[in-house]
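Chains: A, B, C and D, in written order; residue numbering restarts at 1 for each.
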Amino acid sequence: MSLGEPRFSGVVPPLVTPLTPSGEVDVPSLERLVEFLVEAGVGGLFALGSSGEAAFLTDRNRDRSLETVVRAAAGRVPVLAGCIETTTARVIERAEIAAKLGADAIVVTAPFYARVHPVEVDRHFRAVKASVGLPMLAYDVPVSVHTKLAVDRIVALAAEGVVDGLKDSSGDDAGFRQVVLGTAGLPGFSALTGHELVVDAMMLAGAHGVVPGLGNVDPHGYVRLSRACAEGRWSDAKAEQDRLTRLFRIVEAASPATAGGSTRGLGAFKTALVLRGVIAGATVSPPMRELTPEETSVVAAHLEKAGLL
Amino acid sequence: MSLGEPRFSGVVPPLVTPLTPSGEVDVPSLERLVEFLVEAGVGGLFALGSSGEAAFLTDRNRDRSLETVVRAAAGRVPVLAGCIETTTARVIERAEIAAKLGADAIVVTAPFYARVHPVEVDRHFRAVKASVGLPMLAYDVPVSVHTKLAVDRIVALAAEGVVDGLKDSSGDDAGFRQVVLGTAGLPGFSALTGHELVVDAMMLAGAHGVVPGLGNVDPHGYVRLSRACAEGRWSDAKAEQDRLTRLFRIVEAASPATAGGSTRGLGAFKTALVLRGVIAGATVSPPMRELTPEETSVVAAHLEKAGLL
Amino acid sequence: MSLGEPRFSGVVPPLVTPLTPSGEVDVPSLERLVEFLVEAGVGGLFALGSSGEAAFLTDRNRDRSLETVVRAAAGRVPVLAGCIETTTARVIERAEIAAKLGADAIVVTAPFYARVHPVEVDRHFRAVKASVGLPMLAYDVPVSVHTKLAVDRIVALAAEGVVDGLKDSSGDDAGFRQVVLGTAGLPGFSALTGHELVVDAMMLAGAHGVVPGLGNVDPHGYVRLSRACAEGRWSDAKAEQDRLTRLFRIVEAASPATAGGSTRGLGAFKTALVLRGVIAGATVSPPMRELTPEETSVVAAHLEKAGLL
Amino acid sequence: MSLGEPRFSGVVPPLVTPLTPSGEVDVPSLERLVEFLVEAGVGGLFALGSSGEAAFLTDRNRDRSLETVVRAAAGRVPVLAGCIETTTARVIERAEIAAKLGADAIVVTAPFYARVHPVEVDRHFRAVKASVGLPMLAYDVPVSVHTKLAVDRIVALAAEGVVDGLKDSSGDDAGFRQVVLGTAGLPGFSALTGHELVVDAMMLAGAHGVVPGLGNVDPHGYVRLSRACAEGRWSDAKAEQDRLTRLFRIVEAASPATAGGSTRGLGAFKTALVLRGVIAGATVSPPMRELTPEETSVVAAHLEKAGLL
């Protein structure tokens, strides 16, 4: 049996959404970010994911963000659009807009806020898939939706053609490997890990690509890492991953006494992009807060050590 | 210091949103539900809460639902409007619409999906409150938002005038009591429990009112219960609560093998309202499912035993 | 049908285990504590519960503690003995020792550390009960064992005669009420709440008694509260409970930056007992720590405000 | 700085404890298991871990199990002894016995049942280490103790010489990698992953060895896998790991409707060892249950497919 190629592979960064000081999408900065990533050699762009502040943006700003990414990508790489909403009807609304705005695929989580059974999660994915003609990746992100997608259900939905890939941010590497094994014969299925500190390990285990938040900041590093894996240069891959793992400590810059996980991650990525001259400002959506000057200097020190300033 | 009365008290049912078979708001059924509740003597109506399928409805249907409740209530009792959205800017959009549609108060949860620090949760409530002129109740519902509001923070926000009440669906009765004690001197503060099986107990502990999902089905029972408490007839209250506690087992009708918590609760409430002749159909939003005929007959048996058919 | 009386009722404090500075059981202090509680009018003594540091004491010290409580109680009130162990065979060993040392009942949790199915939890209770002739209370304490006992299973085990009572430290008051309703006809069944801040509420809901950690510190208050409930003087009960709820803030004296829940609770109870002259020292087992002088003065201030110094 | 070798490396299986039908340690079976593993080329033996039913065995059976393993190993490979107890004093008792019985190292978890602060967890490890002269591995197993050890704390304790290694069963591969990086310069420190389905991945990331429950069943496979990793034959390693990942599905043989995680895992391992002729019986400790004949045939089918029957 010929396996076919995965539809999406390599580095697919979940783009941050640069904002103006008043909280509007900073379109020129977002265009520069797209350019920065595409030139680095990424394999796709994931707009409106958790890193894109999808849960923070109004619908108007979600639309502006996606529309900008699609336009700036200009067909050079595929654009995946997060459709992050609580339940089925609301996700379908977002999926229809994503299709209209030119996304190449949608990325969909299990329902959240609602309390649903695995059987209902299946029904959710089926209904969303049926609503639009686009490829759909299941987005497994229990830290946000508080539901873990079971291996066997993902594999079954893949076999049925309901889900065309997995974006795994669950941290469950053993489960991810089991999905990879279980979907091995499915043409086009894309197994993408979001576990950005073990990309070498997960590509050894069979991942087709990675969706690294830190890839906003150092796309060149992730592209080198991904290529080393693809070429079987595992010790090169490990060395690159170790370097990126150290760089990841920028997410510890913001004080845990006053900043939640979203602020610590997104705030640091945006701050680093400002320091690297890619985007204009590090504004984040409320109730998150921007990093302080002191925290910013911690980020700068990490960038410097990594040779990125 | 004169304590003043709580702004909201007595039974404030979180209205279900009746739907047509195609998933639109069934306006005549919703009007009949409002009438049924107001005539039973409730102290207010809570639209677009978890029981109102706020997390399932599109914005258009949310608007239609709230607009219907406000119109049907016709000023006889206050209408509280849930503004159930992931983060600050999105909640503010909903709050502005609630104000425009004539709600008397808004009900707001901590952010969800996003990962936020308690300091950020405070900022969230402050920003939402600042955005509209309406009274705001904090809605503590960790089963859905996966964050518990801390007693001391609620009390501090209340003292500052940021939150004007609490709708406590956390199940943490000891914490609720501590909020009651901590806000005792604040004029107008409304401490409402959502813990519908221990209303006698919580009113003894100082609750001003209750927001019972089951109150859709048997508002007369909850009104009797609430009045018995208000008049210090505690053994009458206990007897009524015990009866309602038995009735609550309707939420166990739907099989846990195929139905999540939302289906089991909302599906049963809607089914019971159909059986009682209040609403036309028991349709629920996807990915939930309607109760089967067999499950419906379990609900009917409970209603019969409770003298409600 | 005649209901019979619950076997255990009223205030059944979970005794702390006073320790010498070197960590041995301080027998004279424990004897004084028993005297203090019995004279206050408690309905029973619960030795080797969570408050008794059962999880911290070596088997030798567990034995010494229980043996002292039984001897000092001298048959004036029943002694319940916690058998806090990971799984069945280990619990049975403790249960046999409890029987030998003269306990009147055993108190048993679901297995912990092990990952077990509800069916296995049932088997656990059946095997332990079969091993000794003593009455057995199920101890529902998910904060420690990370398993919640389901209402229907407790009721079924009670109906079968496997469990003779429930010590509910789950905080799930609605579930507790359902157990009370479900076991109403069972002679001797004892429904004891461990929810020490809502005793008035839970006794209104049908609890037979309470197991309050704070009852070590102010047994007279809990006895007054329990009697007010028994006599239907609900507003007296509420006033007493409100006073005890304020006193409970002694558990916030130890800094959350350096003390876990066990230290904060047990450390405060022991410190208060030293301040009240009942026990000689506030030593706690490692890795807990004793309260600092500053924290001790916070406890003292609360005691003073409550009229206990 | 010379890095030195890790003290423990390669495959270190957590031995199951074979039991007679009456629940005593089956000494001859345990001796055969030790022989089976040592001959396969393992790098050490981990007795009295979670797989060894440490949480299920009485102290007498714990001693008998450890004593048997030490004697049968006869110094050919080091023996690590789990000291699985709730808190400090109880762990120290077990550690002293382990030392007396000839263990080469102890393996210690964070406290459980008790509610402790990270500062108290540190104190726990320091006190245990100070009590015996043996090397100590921290055992990170949140699924059982419900506490996750933080990367920075493990690294700090390692730098101080308190912990000499990590046995990581947390499933947090990114954290594990950070520990590996943080302890890189510490002579003798042993980073062992318990994540048995991603051993290739974790050894690429820097693990020194693995503690696989499934290693009881197929030690030869894990030894091949470990050697392939050590020699940089990564695609051989991946192929072997993929085979073992498929074999791991034996843990799904027992029905999730009647068996908890402990039964499903340990029951399957023991059943497979009986089928492979290594141990005499598949008895497990109560409240677990043995696999049914039907479930056993599922295990047999997996073994057959893996070429192990």
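Simple rule for what comes next: contacts are C-beta pairs under 8 Å (C-beta built on N, C-alpha and C of every residue); 3 or more make two chains touch, one makes a residue touch a chain.
In this text, all values refer to a predicted model and were calculated from it rather than measured experimentally.
Participant: Going by the touch criterion stated earlier, list every chain that contacts chain B and also contacts chain D.
Facilitator: The common neighbours are A, C.
Participant: Comparing B-C against C-D, which pair counts more contacting C-beta pairs?
Facilitator: Higher contact count goes to C-D.
Participant: Can you tell me which chain lies farthest from chain A, using the average of the Cα atoms as each chain's centre?
Facilitator: So the farthest one, by centre of C-alpha atoms, is C.
Participant: So what's the Cα centroid distance for chain B and chain C, whole Å?
Facilitator: 34
Participant: Tell me, which residues of chain C touch at least two other chains?
Facilitator: None at all.
Participant: Based on which chains are in contact, what kind of graph results: line, ring, star, complete or other?
Facilitator: ring
Participant: If I apply the definition of touch given earlier, which pairs of chains qualify?
Facilitator: A-B, A-D, B-C, C-D
Participant: If you look only at chain B, which of its residues touch chain A in the complex?
Facilitator: Contact set of chain B toward chain A: 23, 50, 55-58, 61, 84, 86-90, 93, 111-117, 119-121, 123-124, 127, 143-146, 256, 258-263, 285-289.
Participant: Once bound in the complex, which stretches of chain D touch chain A?
Facilitator: My answer: residues 171-174, 177-178, 181, 195-198, 200-202, 204-206, 232, 234-235, 237-238, 241-242, 245-246.
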